[in-house]
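The following pair of complexes shares a single chain, chain A, combined with chain B in the former and chain C in the latter.
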Partner chain A sequence: MSDIYISRGKFPEIIGQLMARYRVYAPVLKGEYHEFAKIEKTEEADLGYQNTRLSPKGLFHPHAERMFEYSLVKDDPQAGILKEAPKDFSPRVVLGIRPCDAKAFQLDDVNFDTTAYQDPWWVRRRQTTTLIGLACNEPCGTCFCTSLGTGPFDTAGLDVLLVDTGEGYTAQVLTQKGKDVVGITSGWESVSRTVSEKMEGLRKSAEDSLGRQFDFDPIKQKDMLELFNASFWDEVQFACINCGTCTFLCPTCWCFDIQDEVWGDKGDRIRLWDSCMFPLFTFHGSGHNPRSQKLQRVRQRFMHKLKYYPDKYHNGAACVGCGRCVKFCPVNIDIREVVRRMSATCVCPA
Partner chain B sequence: MNNPYLPYPVRIDSVVTETEDRNLKTFKLVFLNPEDEQKFKYNPGQFAELSIAGLGEIPIGIATSPTEKGFIKFTVNKVGKVTNHLHNMKEGDIMGVRGPLGNWYPWDALEGKNVVIIGGGFAFTTLRSSIVYMLDPANRSRFGDITVVYGARSPGLLLYKDELAAWEQRKDINMHITVDGTDDPNWKYNVGFVPAVTKQKAPSAENSYAIICGPPIMIKFTLPVLTELGFPPERIISSLEMRMKCGIGICGRCNIGSEYVCKDGPVFTLEQLSKLPNEY
Partner chain C sequence: MREYTERIREAAKRLLSEQRVDTVIGFRRGTVPFMNEPFLVKSVDQVDQLYWDSNCGINLANYLPKRTDRVAVVAKGCDSRNIVVHLLENQIKRDQLYILGAPCRGMVDKRRMMADLKGKEPLHAEENGKEIKVSGRGFQVTFDRQTYLQSNCAICTHRNPVVYDELLGDPVEEQQGVDRYPDVRRIEAMSVDERWRYFQELIAPCIRCYACRNACPLCYCPTCFVDESRPQWVGKTIDPTDTLTFHFLRAYHVAGRCTDCGSCERACPVGIEVRKFTKKLEKEVKELYGYEAGVTPDQRPPLDTFKPGDPEPFIK
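For the complex of A and B:
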């Protein structure tokens, strides 16, 4: 299917047509920041955004999710037996997601959808969701997607890629799912030569603005223990206050906790985002804690993304360069700086 | 889609207090649905998540052997929230089991080999499973000599005392039970720490594997003894513990370097561990 085009004025009609058939999630301005939310009116979708502060990982892996529910009524023969909590898996469209965030879901798939075990909620939501992405014409100063194999116009994780060409949007349909969704909409035209040239120009200037900010490949060749024992972790961790902002915002930080909550004679088993930045994360019942020191926890976060994950899955780094952790870290810890240290040729052991 | 987080419902069939300090109890569990028991096919060395509605889940080594049918057993030390509650549960109560989880002792590689089992304290659960499995008439001929060194602080803290006594009587297993100290004049077995007793009994490393589980301090002092006896790191096997939640390599909690202890472990050889960060 060749690219198609729609003028800005007609685009709300497309959103309306999608809303008639799907649950539509889009960037919505809430306070100072945008976040992905289900829209009830076409004008709620704000595609003029740069990116959300919180990554859209919650669309597939909610911040708090009820897994099971159960009765605790004394004489109930079903008391204490866990039942699946009902959930809405009806078809969904996520509109306007950035290519980096869509790529992040693919990196997360490797964790949630394995040959041995499939996380049923993640997998179902992935299956029933169509991702209509929006290319990044103006990446921010903290972005470095092109240094990690993705980019502002990357189609890898998407079903459809939209490009905002000023007077309208072009759409590149990438998958069968994308075709099905675009198939129910109408009003598209073919892409004119001027629009097509404009799109190419936007792509080039976006990619050029990012440049190559480091070379990740040397890290793959390095020995895990050599990096683990490197002396620079002491400097990297120095200012960190272990607030967990970085892991909370990151699209490729998926770690979660499982807790039971009781409400009278009913209970839920729920899962909640957790963070390797917190000491309790690894705290044994016996009192022993293998990562009791801040240095160990900071090192874990970077080593997981940049060494353990690549070594385990041969799928590149578990980072898409969205820059959220760089932008919102209260003490300016910059993962790009850590990559440079980890990939430097002389890593002197402590 | 099969939901790997959903526990099988089970009923507590019996509860036995194992130790004189009453901190360890063995729970015998029976599946409510026979088809769940069919699905719960395990190997010695694996663990399961014990689930209590309203409290949570805990990873516990499976103490029974797959050769024992109709039930599974877990021996649980009382430490925190879930384990304390479990200790107050009774025969007939309903709870859940999720698993089997993790890898197991390398039974294929152990075939035709002598097996030296070294255990300390309450980390004897999956070792019990392994001993029962190897002593089963259908399996005994698959293994060479079986030697067991098992120690606790005092006689009252040993697990599975009746079985230990029965194994002592057998000719096809060399038992070396030991305690750190005792004032019991009738104590028939060894007195001394596990590393020292291992050194003294000196099981041959020839054609042998060692499986070692116990408190970190015991492991730390026993490993050099095994090395001295000639066990190479790829034939020393241990089972690790990390705080866990999902037990299936997804929640991200229990890694040591690139490996998840719940899924890629808990069983590792010393050789594998030497390539991973020492963060456990």
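For the complex of A and C:
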């Protein structure tokens, strides 16, 4: 299917047509920042946004998800039996997601959807959700997607890619799901040569503005223990306060904890975001903690993203360069600097 | 600010080469505008990375507990007060410390500058005395430093370090006639229902990342009450009951100890004004005991001591 185009004025109609058939999630300004939320009116969708403060991972892997519920009523024959908590799996469109965040879901799939195990909620949400991306015409100063194999116009994780060309949007339909979604909308035109050239220009300027900020490849070649035992971790970890900002904002941090919460004679089994920055994350029932030190925890986060994951899945780094952790780390620990240190050929002092 | 950078480097070089200290804690220049990174200098060749400007709002006293070495630390008024609290609470020994006092004219509020940039992204920021020049793609804006101070700095009455071994500059004039609590009084004047709603809205964006707690020098408990797991004390969801429990209890734990350094608010990734909780308790402690945290090295915090002369009007 060749690219199609719609003028800015007519675009709300497209959103309206989507809302008639799908639950539509889009960037919505809430307080001082944007987040993905279900929209009830077309004008709530703000595609002029830069990016959401929290990544959209919560759409598939919520911060606190009720998995099961159970009764503890005495004499109830059903007491203590876990029952799946009701969830809405009706068809959904995520509109305006950035290419980096969409790519992140593919990187997360290796955890939630494997040949041995399928996480039922992640998998069903992935199946019933269509991702309509929005290319980044003006990446942030903290973005580094092009240095990790994705990019501001990357189509890899998307079903449709929209490009804002000023007077309107072009749409590149990439998958059958994308075709189905675009199929229910009307009002599109063919892309004129001027628009097509403009789109190419936007792509080039966005990619050029990012450049290649570091070379990730040497990390793949390096010996894992050499990196694990490197002396630079001591300097990297000093400022860290071990909060969960980086992991909670990150689109590829998928770790969770499972807890039971009981209220009277009813109980819920809940899955919660967890963070390798927290000492409790690795605290054993025995009282032993294999990562009791801050250095160990900081190293784990970077090693997981940049060494263990690439070595295990041969899928590149578990980082898409969205830059959220760079922007919001309270003490300015910058993953780009860490990559440079990890990839430097010699880590010994001069 | 440039003078401070030079003086910090000079002092660090001197103290390390004379072996007066083993390490120096300061800041190095950040990789993004309005941010600097707390930095531990271990040898003279790292000294030139030390840096100072109006983005050093993180409280360096947070990095002192459990240190066993002899350490020099750069301390603004608030940091020095937190050092006093640490000394009173036996978290560090005075003879281990060499305090480089930094008389302070306040740190700037990144969040308010970002809000006034209305979505434009700052790529460079340069400070020049009273002004901060910010530029990005196709724009340049000048912010007046005084107007964009962190809200805790704007009402600070202890800009000069209360304890130090040397000063990095001449003492600055303390702000006079500051009303520290107009916002607290506004909340106090609310009806119970209004106030409850206010608190619920205040913490609604909280993601339980604990950046506020972890940026706080007072939060050094080996196991925080929210991390107790055997048994678990507090729920870990983002349900308002759990989240408010965390914020309220944390505020009570720092009552009579909090110096209003603003690190908590600065660290919060979702922009919650967490000082609204701590300031109320600061006000209470001041009214009930006439005590300001960390100002007097020889006076114990009111909540860990008893004095027959305490006003204690709440005991009927």
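By definition in this document, the second predicted complex is superposed on the first by the 347 of 350 C-alpha atoms of A that agree within 3 Å, B and C clash if a C-alpha of one lies under 4 Å from a C-alpha of the other, contacts with A are read in each partner's own complex, and residues count from 1 in each chain.
Following the convention adopted for this analysis, a residue touches a chain if its C-beta (ideal position, glycine included) is under 8 Å from a C-beta of that chain, and two chains touch if they have at least 3 such contacts.
Here the structure is a predicted model, which means the values were calculated and not measured.
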item: Three-chain arrangement built on chain A, chain B and chain C clash or fit; value: fit
item: Touching partner for A:R124 - first (chain B), second (chain C), both, neither; value: first
item: Contacts of A:F112 with chain B and chain C, given as first, second, both or neither; value: first
item: Angle at the Cα centre of chain A, taken between the Cα centres of chain B and chain C once the superposition is applied, in steps of 10 degrees; value: 90
item: First (chain B), second (chain C), both or neither touched by A:F283; value: both
item: Contacts of A:E189 with chain B and chain C, given as first, second, both or neither; value: neither
item: First (chain B), second (chain C), both or neither touched by A:I258; value: first
item: Which superposed partner A:D215 touches (first chain B, second chain C, both, neither); value: neither
item: Touched partner set for A:E226, first chain B, second chain C, both or neither; value: neither
item: Superposed arrangement (fit on chain A Cα atoms) - minimum chain B/chain C Cα distance in Å; value: 5
item: Footprint overlap on chain A, where chain B in one structure and chain C in the other make contact; value: 257, 259, 283
item: Chain A-touching residues of chain B, taken from the complex the two chains share; value: 1-7, 9, 51-57, 79-80, 83, 93-96, 241-243, 245-246, 248-255, 257-259, 263, 275-277, 279-280
item: Complex interface listing, chain A residues touching chain C; value: 30-33, 48, 50, 53-54, 63-64, 138, 140-142, 235, 238-239, 241-245, 248-249, 257, 259, 261, 270, 272, 275, 278-280, 283, 326-328, 330-334, 336-337
item: Chain B contact footprint on chain A (complex, rising order); value: 67-68, 70, 72, 79-82, 84, 111-112, 114, 116-120, 123-124, 224-225, 228, 254-260, 262, 267, 269, 271, 274, 276, 281-286, 290-291, 296, 300, 303-304, 307-309, 311-312
item: Residues of chain C that touch chain A when the two form their complex; value: 30-32, 35-40, 58, 62-63, 111, 115, 119, 121, 123, 136-137, 205, 207-211, 213-215, 227, 229, 232, 235-239, 266-271
